[in-house]
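Below is one structure, written out as structure tokens, with a few remarks after it.
Letters A, B and C mark the chains as written, and numbering starts fresh at 1 in each.
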Amino acid sequence: MSKIVLKIDHLRRSFGDKEVIKDFDLEVYEGEFLTLLGSSGCGKTTILRAIAGLDSVTEGHIYIDGKDVTSLDPKFREVNTIFQNYALFPLMTVEENIAFGLKMKKVDQQEIKKRVQEMLTLVHLEGYEKRKPRELSGGEQQRVSIARALINNPKVLLLDEPLSALDQKLRTKMQLELKGLQRKLGITFVYVTHSQDEALTMSDRIVLLKDGKIEQADTPIKIYEHPNSLYTAQFLGDSNLFQGVVTKVDVKYAWVKLEDAMFKVFSNQLQVDMPVDVIIRPENIKLSLKKKSDSVFEGKIVDSIYDGASTQLIIRTGQREIRAMLFGNDKEYVKGQEIFVTWDIEDVILFKRDTDEK
Amino acid sequence: MKNKKLWKYFFIIPVIIYVILLIALPLIYILIISFFQSDYYGGMISTFTLQNYIDIFDQVYINVFLKSIFVAGVTTLICILISYPFVLAISHKKPATQKILMTLVMVPFLTNSLIRMYGWLVLLRKSGVINQVLLGVGVIQEPLSLMYNMFGILIGMVYTLLPFMVLPLYSSVSTVDPQLLEAANDLGASKIKTFFKIILPQTLPGLFNGSLMVFTPALGYFFIVDILGGGKIMILGNLIKNQFLTARNWPFGAAISIVLVLITSLVIFAYRKLGGKMEDLGGA
Amino acid sequence: MKKAVENIYLVLIFLFLFLPIAVLILFSFNTSSLNIVFEGFTVHWYKDLLQNRTLLEALFNTLIVAGVSTIVSTIIGTISAYGLHKYSFPGKNVVNELLYIPVVIPEIVLGISLLSVYTLLKLELGMVTLILSHICFCIPFVIISVRSVLEGVDPHIEEVANDLGASKFQIFTKIVIPMLMPGILSGAQLALTLSLDDVVISYFTAGPGSNTLPLQVYSMIKTGITPDVNALITIMLGVVFVLLMVSTVVQLRRIKKEAIS
């Protein structure tokens, strides 16, 4: 296992009497792409700002490269931050923007010139030296802000929703570019986002936050396929939720009863009368035109959304709407078609419902 | 950490000292002495009395109040009537021309207002330029009384305060969507209808702003009344000035000032109630 | 037709605006010493002006007061606008409200209250009290002007500068001040204009040794004004006009440049 470059130890942060971060621990490894994911108000930006030193902490410690930096001014921390709106210095040229950090460190003029050129090449902005920020597109501005941060060789690069001001197409392109840059340079990224897509495509590890606490921290695959809470399962990816009660248990299987249907799950540690939440991902929904022995629902396709690579189907059965996803475009499943729904028992994600909570 | 505090103090201490020493203290002091007694030798006796406020209700002073409000009100009205066609005409020009014309509006106001009043004196007096010209052409046989009366005062007030109406109205008018005006034209709305249905409602903020910035100063410009009114007419400004510098009855002068502050507050209260923002004031 | 009516109206209003100034300029070249009828052209009043010590002293005082109060109120106003924008402290709302008082209150009230306080504090009326009073009514205008620019500035910019190794002092001088420059300059211009234009507050807070030009003219109106005053006004107006035209041309150029890019 590689070296720990950033360590957060029992971090707490309160604004007034509201505790935004509650006892937060995290270790980030060298070269890792770590994403802090969560809805707005979950505390992800607060953590990022605490690492950068832009906000103080109420309690706890932050270590960068083993050194306690908790009360160190941002300018002495070997981390740099990239903001959503780029925050370029409006009166300076691209060149002056990028050179700013080195100038502050009083690096020699020749050296600065050389490094700025390297950075411009790195972010594909050769020839833009003399332009002003307002003459650049959003994507170009973000590249300048990345170059401006990277020129300082930070131990950790902090990114606060850096792509959310860009349009969808550019965002996808920049996702790949950022990931490529991170691989190439081997710099540790701590990336804050509310977008599960971004988190899943780019991260080595995702830390899902809820109300200032870690809900789950895992690799994208694990967190998607084996969520350890209903919240995680619903936050990452689309899902169909079925709330039911266990009615029968044997050695291997248990049966979950819904108002209008019944299906089989693996029985591990389930007991009769236990309320459960069952999640089925849309891509795991199986459809057939004829009723089969394991069919759970019978319904009708009420909507079909084709986006080139896949087709989303909305199936109505009674009061319920089930989302299914097919790869490609299957001619058999069209709007209005009567249909039977099922899934593989391996694809069931099941949580015991804590009746006290809801 | 200590440095951070010092840095913060550097930015907030000056404004706090300024506000306390040069704004709050003078006004509170005026409020206090308005309850003092004058010793009629220019001094003050620091005993509490309401007499100064009771004295204001003398018919003589009531008349001054009424005349002041009349002068300020008519000045505001005339400024509005002059400014609307003026800014609308300017807004029909090309952007560069607009910029030049608005700069030209400001040019006279770079000479001191008192000196400009002297200019009007030279123009308006009996032996003044206007009378000379009119007599010379033969339009009149006797010189007209253009000053030392209400007419002279209103000329001076309107002249001095006009830009305070023109500027906010102009910036208000330039936010009106020209397509809206064209649409109104296409639909056959008359000029007057377009003005009252579209232009007036959309420029109300500028109108309120301008009215406030014209009305309240007009209550106090004693030198205009002095120079062009000839001492026959008195507004609040003259009354206060006389109490402080001639009669040397500071407590009474202070009491009148407090009433003037109250009138101003009422106007500002109305301005805010009508949706006006304080930060739009004084941003000329 | 409509265009013609509009243009005539514009001409009339501009005539109204410039008439009193034009007449003063005209009479500065008049051979007669009375500002009544134009009798012939002369520049002799301009020579007289150089001999008139009272008038030159009044001019000097006016320029000193305007210069010092513009510089001081611009500095304090800029610092204060930044402080009020960035920091919170107890009583901040009260401070913000009080700042508008010099903007909206009739000048005469400010004049007599400052006079009263100077008397209370036993400050002798003179250049110091005059400058202090001008600073008093200029600061809020600078603050309003600078603050309007500050509100459009991305707060992250300062954090980025800090993040990249700039100290608080460097951030303020190298990043913040240049960004605020348009607001600072228009605030300073406003302060200068207000100071030069003021009559009422100066009237109450000037002392025997600190007569300014408008106060001098005020006292001369009663005794009769000589055309060398007109000459002085003409010169000042010429200077101001040139400065204003330069600033307008600069602004027009910038507008055009922005329109192109």
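By our rule, contacts are C-beta pairs under 8 Å (C-beta built on N, C-alpha and C of every residue); 3 or more make two chains touch, one makes a residue touch a chain.
Owing to the predicted nature of the structure, the values given are computational and were not obtained by experimental measurement.
Asker: What is the identifier of the chain with the smallest separation between its Cα mean and the overall Cα mean?
Answerer: C
Asker: Measuring centre to centre, with centres taken as mean CA positions, what chain is farthest from chain A?
Answerer: It is B whose centre lies farthest from that of chain A.
Asker: At what distance in angstrom does the C-alpha mean of chain C lie from that of chain B?
Answerer: About 17 Å, centre to centre.
Asker: Would you kindly tell me how far, in whole Å, the mean C-alpha position of chain B lies from that of chain A?
Answerer: Roughly 60 Å, centre to centre.
Asker: Would you kindly tell me how far, in whole Å, the mean C-alpha position of chain C lies from that of chain A?
Answerer: Whole-Å distance between the two chain centres: 56.
Asker: At least two partner chains per residue is the criterion; list those residues in chain B.
Answerer: Counting only residues that touch two or more other chains, chain B contributes none.
Asker: Touching residues of chain C toward chain A in the complex: what are they?
Answerer: Listed in rising order, the residues of chain C that touch chain A are 154, 156-157, 159-167, 170, 175, 178-179, 261.
Asker: Show me the residue ranges of chain C that touch chain B in the complex, using the header's touch definition.
Answerer: Of all residues in chain C, those touching chain B are 6-7, 9-10, 13-14, 16-21, 23-24, 27, 35-37, 76, 79-80, 82-84, 86-87, 89, 91, 95, 97-110, 112-117, 120, 132, 135-136, 139-141, 143-145, 147-148, 168, 190, 193, 196-200, 203-204, 213-214, 217-218, 221, 225, 233, 236-237, 240-241, 244-245, 248, 251-252, 255.
Asker: Under the definition above, what is the set of chain A residues touching chain C in their complex?
Answerer: 52-54, 73-75, 77, 79-81, 83, 85, 87-91, 100-101, 104-105, 135, 145, 148-149, 152
Asker: Using the touch definition up top, name the residues of chain B that touch chain C in the complex.
Answerer: The touching residues are 3-4, 7-8, 10-12, 14-16, 18-19, 22-27, 29-30, 33, 82, 85-86, 89-90, 92, 95-96, 99-101, 103-123, 127-129, 132, 159, 162, 212, 216-217, 219-223, 227, 236-237, 240-241, 244-245, 250, 253-254, 257, 260-261, 264, 268, 278-279, 281-284.
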